[in-house]
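My structure is below; once you've seen it, I'll send some questions.
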Amino acid sequence: MTTNPPDAANANDGDWGAIHDRRASEALILDIDGFEGPLDLLLTLGRTQKVDLKRISIQQLAEQYLGFVEQARKLRIELAADYLVMAAWLAFLKSRLLLPPDPADEGPSGEELAAHLAFQLERLAAMREAAAKIMARDRIGQDRFVRGIPEDLTTAKRITYSASLIELMQAYARIRTRDDFRPYVMDREDVFTLEEALEGMRGLIGYAGDWTTLESYIPEGWRGTPQRRRAATAATFAAALELVKSGRAELRQSETFAPITLRRRDDRT
Amino acid sequence: MTDQSDDPSLFRAPPLAEQERMVEAMLFASAEPLTTREMEARMPHGSDAAEAMVLLRKRYEGRGVQVVRVGEAWAIRTAADLGFLMSREQVETRRLSRAAVETLAIIAYHQPVTRAEIEEIRGVSVSRGTIDQLIEQGWVRFGRRKMTPGRPVTFVVTEEFLDHFGLETTRDLPGLKELREAGLLENRPLEGAVRVVGEDDEDGEAPPPEDQEDMFED
Amino acid sequence: MTDQSDDPSLFRAPPLAEQERMVEAMLFASAEPLTTREMEARMPHGSDAAEAMVLLRKRYEGRGVQVVRVGEAWAIRTAADLGFLMSREQVETRRLSRAAVETLAIIAYHQPVTRAEIEEIRGVSVSRGTIDQLIEQGWVRFGRRKMTPGRPVTFVVTEEFLDHFGLETTRDLPGLKELREAGLLENRPLEGAVRVVGEDDEDGEAPPPEDQEDMFED
């Protein structure tokens, strides 16, 4: 008893063309790494239709592609995700092309989608051809040559600086007479800023449950010269007002020019 | 300095024949193309490099070396038919991958073109390395950003590309006119068309459906 | 190549004009001078490079480039009278920065002066670049080291400085009183002269006011 292996039986059933086609598609599958993505594969499949790309049957192409994916699956070849995306889309396109258009459907019709795919294939094929034409041109270093002993066409950039004697003297005078312009100088050494005062008081106010004089918040080192004391007093007073405003302290003065005192404001009362 | 300024020769440009000698010397000396402006900057005051170039170009017609235009610049290159003599000078250029060659062609024909547009045409994502390779080769550079959402960068081909492939301008790309007439240089995205790449494209968005008809009417 | 060897035209030397084109292209592209023998080895069989060279030499007579003999070999070189086109110096004049003018003034008035002293007088630190710039310009040079601890280098102004500013010696520089009398003291400090003391001051306090007059009375 002789039994043909199933493959051979199938081969006998089909005609030569079918075998040829199958072999070709298997060859494609084995060459899957050689493809630059699904569009490239479609283009290759499309070429088997042996027609002008403009008149390619997208429906037939979709079937070829789906057949290819099917084959790959049978041969347990992992296809990259984008090949599967293309397969799903082509299946959708095929159904769109087969069914009568649904007037409620938004977006392009199946024909429009098919025409666009044909355009994409044609464009890709055109770019391939153009690339080949470019690469076949007379190229530098192969057909055309540049000067073998180029000379340096140098451009030395020299920067010179200009300055006049007057500028020089004015600059010197400016440096040497800086002190003459003291009124214009912001001397920060004797400035106690509101920020500094606030920072200091925020740290201390928590402890001031009882009325404490504002003066006691003036930091050490700012009570000496009148100038410094004045600056620090003003800043501390302003900072105290800020704390009152934000509800963190209370301020009290018994009479005009009497010492100003403040204490923490207890939220819970 | 002042005593020389009376010398009229300083204010008279040299004869054109002399200017022709000058542009000839400069173009011979330089391996890179030179613009007439660059040449004029080196020539005596009042010189007209462009006019001198007309003479020079004519002089070298049919010779073993030729004066060629490269974009805005000029260069002297050996005649292509004599390439066989230069086997010793031949430079082994790194073979570009198929992806790189295609990408280069797409940039040349579609420039300025965004990466998303290149991907749309090729149907695959363009690896960073492919464009880097072309930039490194000196054939591609960044163009202006596109004024579309996301302001994507664009790519254009360089003067070196033109020089390398013997093109005067990008208008001389082979088959450009036919491709344009066939509408194959258009970028016409279609809503609902398959997108196998470009989930992260900002500029790859298809236009809203109401614009669609317009897109096809050009 | 081998399949072409049957072609009878290969055994007939090309016309001399064609040979002239060939030697021209080879000399242009070659990185080193070529002997007629080397050229002939590359040319079609039966060519006479020496004869082609006679034509080529004549053709380039009086041109911007010339065919010259280098030992036993030939090369194309720029005509000697056009060498000036190859190198060009572009001079750009810039205004000296405020920091540089001040530093220069201090060096002029106080030389020899150390960097620490300059900083003390200016009230701000002096960047390395500022002094370098003045040295490069040729206005300042290194003086003798000071015989103080650390033996710091000093800076002095150069002859070129005196020349540029039209001074015979630095003693000619006017003092503060003269500057004031000459109306050279501005009524108010220039914008930016307002200096918050201690901001970028490394050396701290400016010298006490009583020293000031002395500095000018030399």
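In order of appearance the chains are A, B and C, and numbering begins at 1 in each one.
Basically, a residue touches a chain if its C-beta (ideal position, glycine included) is under 8 Å from a C-beta of that chain, and two chains touch if they have at least 3 such contacts.
Here the structure is a predicted model, which means the values were calculated and not measured.
Ranked by separation of Cα centres from subunit C, the top chain is A. A comparison of C-alpha centroids places B closest to the centre of the full protein.
Each chain gets one centre point, the mean of its Cα atoms, and the points for subunit A and subunit C are 42 Å apart. The distance from the centre of subunit A to the centre of subunit B, with each centre set as the mean of the Cα atoms, comes to 29 Å. As a whole-number value, the distance joining the C-alpha centres of subunit B and subunit C reads 32 Å.
Multi-chain contact residues of subunit A, defined as those touching 2 or more other chains: 145-148, 151-153.
For subunit B, residues touching at least two other chains, in rising order: 26, 28-29, 42, 76, 78-79, 86, 89. On the side of subunit C, the complex with subunit A involves touching residues 25, 28-32, 75-76, 78, 85-96, 98, 100-102, 104-106, 108-109, 121-123, 133, 137, 165-167, 173-174, 176, 179-180, 184-186, 188-190, 193-198, 206, 209, 212, 215-216.
Interface of subunit C with subunit B (complex): residues 20-26, 28-31, 42-43, 62-65, 76, 78-79, 82, 85-86, 88.
The part of subunit A that touches subunit B in the complex is made up of residues 36-40, 82, 85-86, 89-90, 93, 106-108, 112-113, 116-117, 119-120, 122-124, 126-131, 133-135, 137-148, 150-153.
Remark: subunit A residues 145-149, 151-179, 181, 184-189 touch subunit C in the complex.
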